[in-house]
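Shared between the two complexes below is subunit A, which pairs with subunit B and subunit C, respectively.
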Partner chain A sequence: MSDSADTEILDIADLDQEAWQDYAIEQGWSDGLPLVMPTEASVARMVAAAHGDNEGFAAISPRQVVPTMASLAANAVMAGAKAAYFPTILAGLRGILDPSYNLHGSMATTHSCAPMVMVNGPLRQALDINCSSNCFGQGWRANASIGRAIQLILLNVGGGKPGVMDRSTQGSPAKYAFCFGENEEESPWLPFHVRRGFAPEDTVVTVMSGEAPHNINDHGSTSAEGLMTTFAHTIAQPGANTVYGKGPYMVVVGPEHAATFHRDGWGVDKLRDELWLRARIPLKHISEENLATYAATGHHATGDFLTICRGPEDIHISMAGGPGKHSAFIPSFGGTAVVSTRVKLPPAGIGA
Partner chain B sequence: MRIVNPGFGLTPAGAEQATEGKVDWLNDPIVLFGNSKPNARELLEGVKAKLAGIRRTDNIDFVAKNSASQGAPLEMINDAAKKYRIALLALGD
Partner chain C sequence: MLTTIDTLTVYDPRGTLRQTVTPTAPRVQALAGLRLGVLDNSKWNANKLLRGSLASLKAQHEFAAVNYYVKHSFSKDAAPELIQQIAAECDIVLTAIGDCGSCCSCCVRDGIALEQLGVPSAVIITTEFLRETKLTRAAIGMPGLQPVVIDHPISSITDAEMQARMAQVVAQAQQVWLGAS
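Our next item is the complex of A and B:
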């Protein structure tokens, strides 16, 4: 962290593009990729886009300092975000700062978790957030820079410097940026945010401290029952963090798999209940040493299996992606929650 | 040229450190506070063994929060603060 962190405006020497990148890296501000310079003017444009959001922020762990709107905006500028993305970035941050998300634990852990950011509602399309083919991947400025801005905030304001206060053993590509939208238009089910009690016209950001997506490939099954066999056994991994630190997980069903489930009459509730019953890890897949360790810390098997969550309410179902027979499973850190926050927009619209 | 500091933040209200009273390292009660991972206990047992060479150990106790991923419950922290003058923490993995 920079020694000059107690000064909001920094007066630095005139720097060309290359010198600026070197300077920013020296300050510890970079995720390894080039950064856009957070000039006063660019930060002011970002802040102006957030004037519908007037609430203060809690201190950000692990450094435990309270950000200002300008310092948050500076990170959004550096990430390459448009000003119009800023209210969405702030909603994601508010979710991450909810105590149930357990930011401090998820930053300090050796686990590879990163903030998963899923966007629902009309702003997805206005901002061109990818919800379809390659939605977890590269190619969309909104996905890339919204996810990256949140990561930079956690690095620079929160102090989550890799190897120092971010203690992840191996990290994850998801720590660069992990933002996608739900493919509401092609989903057979109600949008995720509506199922959580928000209005369809609300734009809502849902966050979870999760791993990068794990693929669920099933080209052969043509029934919901067949797909569930693949889903359940892919999800039931003895190496999941949640074998002992129980917590939520997200299943992002691809549109073709979703259509098969829907055709066979499986709604979200049925999917969740069946996963709860079937995505369980047989004890024979778990080492004796691990079983002893789990038992010593109060995590006992109730039968001939261990679960990876506390109940069906820990299993979250959404729909995203494009054509193809793939879905995804996103395990969580464990001691965390899935938090949804409505985006607060300026009265006039979506901002600059 | 002027830029906005992306690391800028304010110290939250009420974050002052407690500095009341002196600590007697040879006699005050100590809590050895672990994060519930197996190696934390090993580390703390090693600390207690070392302390045995320089001070009394009948008032040194072990406490572990029940989840490595969650913060210790406030009640547990408050109880420890009331009972002990010194806390040594171990984050084993």
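Our next item is the complex of A and C:
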């Protein structure tokens, strides 16, 4: 294709900062924000940090380009990432390239999905990944640049250009960067990655093609039962892609809500089982036209409700955030999976 | 105040592309006597579009068989087993509908998978997704795949508009299978 590079190295003229930004944006390499220049030295530092993770990568959709480590590193540099973040970025990318994630579908879709990236394990603290107050928001270099690096890789190596091969009708702010850590330290439950079979000392990156977080506000309920009423009815909505009932979703419980659930004896399994039973969409909230289509495709009503996933195993529970009475629901694209990948570090430690 | 950067060499962040090109399956000489497969991706109105188009095609040609298949997730590729089954049971295929991003990408990939197994496949997409179709077929390595391009949209149209879309399908699908320009 015409927009691939003939060589990995470009000799550019004497560009000052402003001219570099103009050049890079004109090339289509940016998400709209300024980019750090991917010089030979900065790319080399990034590549050196990936020495613990030297397996090849599958081709990246939609362009089907098999990436070199240097091309991935160049995007990480441009995103503003430190070299120490690079193994975490690569683990996230490996999850995204797992066939069950359905990268080409989630890139091409008119849906607003973005790669949700959640980090577990000790590197969260070493890299200062925000897991607490404002964890989905701005202000932390690691969250911002790890999420952004993955997006830039999908844009530049994958070729998911907005409006061309990324056909999202409206997009989402989550498409700039969507990375957070689980607040393991304040969680009453086992860490997400440990529940998935990883060791506590592993750093694990979990990805899902998802919408931006939807807030679940409940200041008034003082019991698990009360909170569940709010959670279930916030989640059971007819306008998220979960309405098709064929994909996963993530619930990120805030620490104060988590403490209430825990005090009342509700663990993760109980939460999933109750959400499976209660977070269902009443048929009166779904148009007749849509119901007819769902029925024709095998998504039948259960009593007076539509289920929004295939079973409790599609419901993923994690804990993040700081003080306050808020939690979040992250509906997935639908035709995707929640994929967890262990970060591979160089033998010496966490890299450059 | 501008800062001059001393370094003049940067990495191109797009990587380099190595690609092989696969031709489409050989076209058929005539439609009579062939086994026609219809792959419905379960998107809104795909069934209505395909059933209506099928009625017109059957009125014009005496197919040996017409086999109807449904995949229940339009935003995923058809399962490899389903593609294998269709290729074993059919000589030509009609599939719809690529009227959004993920379903278009998946329809084109399903069509290419069938073409790779020797089955000429008419992939129905809408005008809004022609550019994406061209980029996808090139990226997958089959730039010669000719889609059936009908007017956008599909999911929210009247019966009269649907009839016009069916006419577009019938005319173009035959050209795709026969290789006529």
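As a working rule, the second predicted complex is superposed on the first by the 347 of 352 C-alpha atoms of A that agree within 3 Å, B and C clash if a C-alpha of one lies under 4 Å from a C-alpha of the other, contacts with A are read in each partner's own complex, and residues count from 1 in each chain.
Just so we're on the same page, a residue touches a chain if its C-beta (ideal position, glycine included) is under 8 Å from a C-beta of that chain, and two chains touch if they have at least 3 such contacts.
All figures in this text were calculated on a predicted structure; none of them were measured in a lab.
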| item | value |
| --- | --- |
| Three-chain arrangement built on subunit A, subunit B and subunit C clash or fit | clash |
| Partner chain in contact with A:I25 - subunit B first, subunit C second, else both or neither | neither |
| First (subunit B), second (subunit C), both or neither touched by A:L190 | neither |
| Which of subunit B and subunit C A:G335 touches, first, second, both or neither | both |
| Partner chain in contact with A:H104 - subunit B first, subunit C second, else both or neither | both |
| Which of subunit B and subunit C A:A73 touches, first, second, both or neither | both |
| Contacts of A:P62 with subunit B and subunit C, given as first, second, both or neither | second |
| Which of subunit B and subunit C A:D16 touches, first, second, both or neither | second |
| Touched partner set for A:M37, first subunit B, second subunit C, both or neither | both |
| Touched partner set for A:G245, first subunit B, second subunit C, both or neither | first |
| Contact residues common to both interfaces of subunit A (with subunit B and with subunit C) | 1, 4-15, 29, 37-40, 43, 63-68, 70-71, 73-75, 77-78, 102, 104-106, 109-111, 152, 156-157, 293, 296-298, 333-335 |
| Complex contact set, residues of subunit A against subunit C | 1, 3-18, 20, 29, 37-41, 43, 61-68, 70-71, 73-75, 77-78, 102, 104-111, 152, 156-157, 159, 164-168, 244, 246, 289, 293, 296-298, 333-335 |
| Interface residues, subunit B side, partner subunit A - complex | 1-12, 15, 36, 38, 66-71, 93 |
| Sites on subunit C touched by subunit A in the complex | 2-5, 7-19, 42, 44, 47, 70, 72-73, 75-77, 100-102, 104-106, 109, 129, 131-132, 135-136, 138-141 |
| Of subunit A, residues touching subunit B in the complex | 1-2, 4-15, 27-29, 37-40, 43, 58-60, 63-68, 70-71, 73-75, 77-78, 102, 104-106, 109-111, 152, 156-157, 241, 245, 293, 296-298, 333-336 |
